[in-house]
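Chain naming follows the written order as A, B, C, D, E and F, and within any one chain the residues start at number 1.
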Amino acid sequence: MPVVCVYVWKGFSDEAKRKTIEGITKVFTDLGIPKEAVEVIIIEIPKESWGIAGLPASEKLREVLPP
Amino acid sequence: MPVVCVYVWKGFSDEAKRKTIEGITKVFTDLGIPKEAVEVIIIEIPKESWGIAGLPASEKLREVLPP
Amino acid sequence: MPVVCVYVWKGFSDEAKRKTIEGITKVFTDLGIPKEAVEVIIIEIPKESWGIAGLPASEKLREVLPP
Amino acid sequence: MPVVCVYVWKGFSDEAKRKTIEGITKVFTDLGIPKEAVEVIIIEIPKESWGIAGLPASEKLREVLPP
Amino acid sequence: MPVVCVYVWKGFSDEAKRKTIEGITKVFTDLGIPKEAVEVIIIEIPKESWGIAGLPASEKLREVLPP
Amino acid sequence: MPVVCVYVWKGFSDEAKRKTIEGITKVFTDLGIPKEAVEVIIIEIPKESWGIAGLPASEKLREVLPP
């Protein structure tokens, strides 16, 4: 433990994934948990499949792109 | 809040996704929650990866298609 | 299918749960899916365990209560 | 109930999926639960998106392949 | 990998949890995965919070108890 | 986006939760995402309900405590 599931928009770059994994793991090693115990699972979701305020993000946040 | 994760079979149409997002958001605005607080995440799963009664849905429910 | 996981703040009333289950199920029956196929799982999370904008909701949204 | 979400690396074969669905369902029928009540959802995650010990599995466990 | 999230009704006994953990782990060791790589997370949900066919399981399946 | 679900053992202190929320949010603001867009949901799981290598963590890791 912990297991961390991260839902992001599709298109998250490999560099962003790497930083996400590294950064989240460090949050827990800073709490005294050994890094081998930390699993991070990144789940990419197309903006058409992500709703905010009742609309798909592909419409509501058309210009915003994942890092 | 809330965050709503919806697991469906792959092939859910964009129109069905839009109605899912709109309809689920309305369930919560009807409870007095502001729509900006509602996030809906639709996760599409191939029928080969969805088991019902011990069999993949691709066999158990071969003729049933997502909307 | 579908399976719907709904994350809400702890304290959601039984009446709100009932309306959530009924309302979300209707979203899918309106899409032509039989109601027996819809499962809704409500997961209650204490506000101390829910972070928004870097703070626990118990601080960031101290006065807001679940329905 | 139950609903079982299984996160695995992308590349899990259809044969492995079938055995996963069959085997997990049997765990619950052995507990007296009817097989019709068991849903198994397999979510495939690319190794680039799965972090272990602070690194993507695509680096940390480069040679390990899913069954 | 894998990580397995199991949603069950509240009241699942410690013996049933133990069998669930042991049985699901065996499904994956039978596929050639080392047992140390398997994490099983059991999430207990009150029947009031679990909807089936539009109703809480506490009404729809009043007499059915978890193992 | 993102939505981050963090599964930890029951007993995680409020201070550890606060640091988890703050730290994970910072991982994403460092990637250029506004902090208001980050939701972190911490789900506490009793050690009896968390399996590692086929055994409940309450046995396998009896002496290890959450931070």
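Here, a contact is a pair of C-beta atoms (placed from the backbone, for glycine too) under 8 Å apart; a residue touches a chain by one contact, two chains touch by 3 or more.
All values derive from a computational prediction rather than experimental measurement.
Chains in contact with chain C and with chain F: which ones?
Expected: B, E.
If every chain is reduced to the average of its C-alpha atoms, which one ends up farthest from chain F?
Between chain F and the rest, the longest centre separation is with B.
Looking at where chain A touches chain B, is over half of the residue numbers used by both copies, so same, or under half, so different?
Both copies, chain A as well as chain B, present different residues to each other, with under half of the numbers appearing on both sides.
Once the Cα atoms of chain A and chain D are superposed, what angle does the rotation have, between 0 and 180 degrees and to the nearest 5?
The two chains, chain A and chain D, differ by a rotation of 120 degrees.
Tell me which has more C-beta contacts between its two chains, E-F or A-F.
A-F
So what's the Cα centroid distance for chain B and chain C, whole Å?
14
Between chain A and chain E, what is the gap in Å from one C-alpha centre to the other?
Chain A and chain E have C-alpha centres separated by 26 Å.
Could you tell me the distance, in whole angstrom, between the mean C-alpha positions of chain B and chain D?
Comparing mean C-alpha positions, chain D is 20 Å from chain B.
Counting only residues that touch at least 2 other chains, which ones in chain C make the list?
Chain C, residues with two or more chain partners: 1, 3, 5, 7, 20, 24, 26, 39, 41, 43, 45, 50.
Could you tell me which shape the graph of touching chains takes: line, ring, star, complete or other?
other
Sort out which chains touch which and give me every pair.
The set of touching chain pairs is A-B, A-D, A-E, A-F, B-C, B-D, B-F, C-D, C-E, C-F, D-E, E-F.
Quick one: in the complex, what on chain F touches chain C?
5, 14, 17-18, 20-22, 24-26, 29, 35-36, 38-44
Over in the complex, which chain E residues touch chain A? Could you list them?
1, 3, 39, 41
Sort out for me which residues of chain B touch chain C in the complex.
Touching chain C: residues 1-9, 16, 19-20, 23-24, 26-28, 30-33, 45, 50, 57, 66-67 of chain B.
Hey, which residues of chain E end up touching chain C in the complex?
7, 43, 45, 48-56
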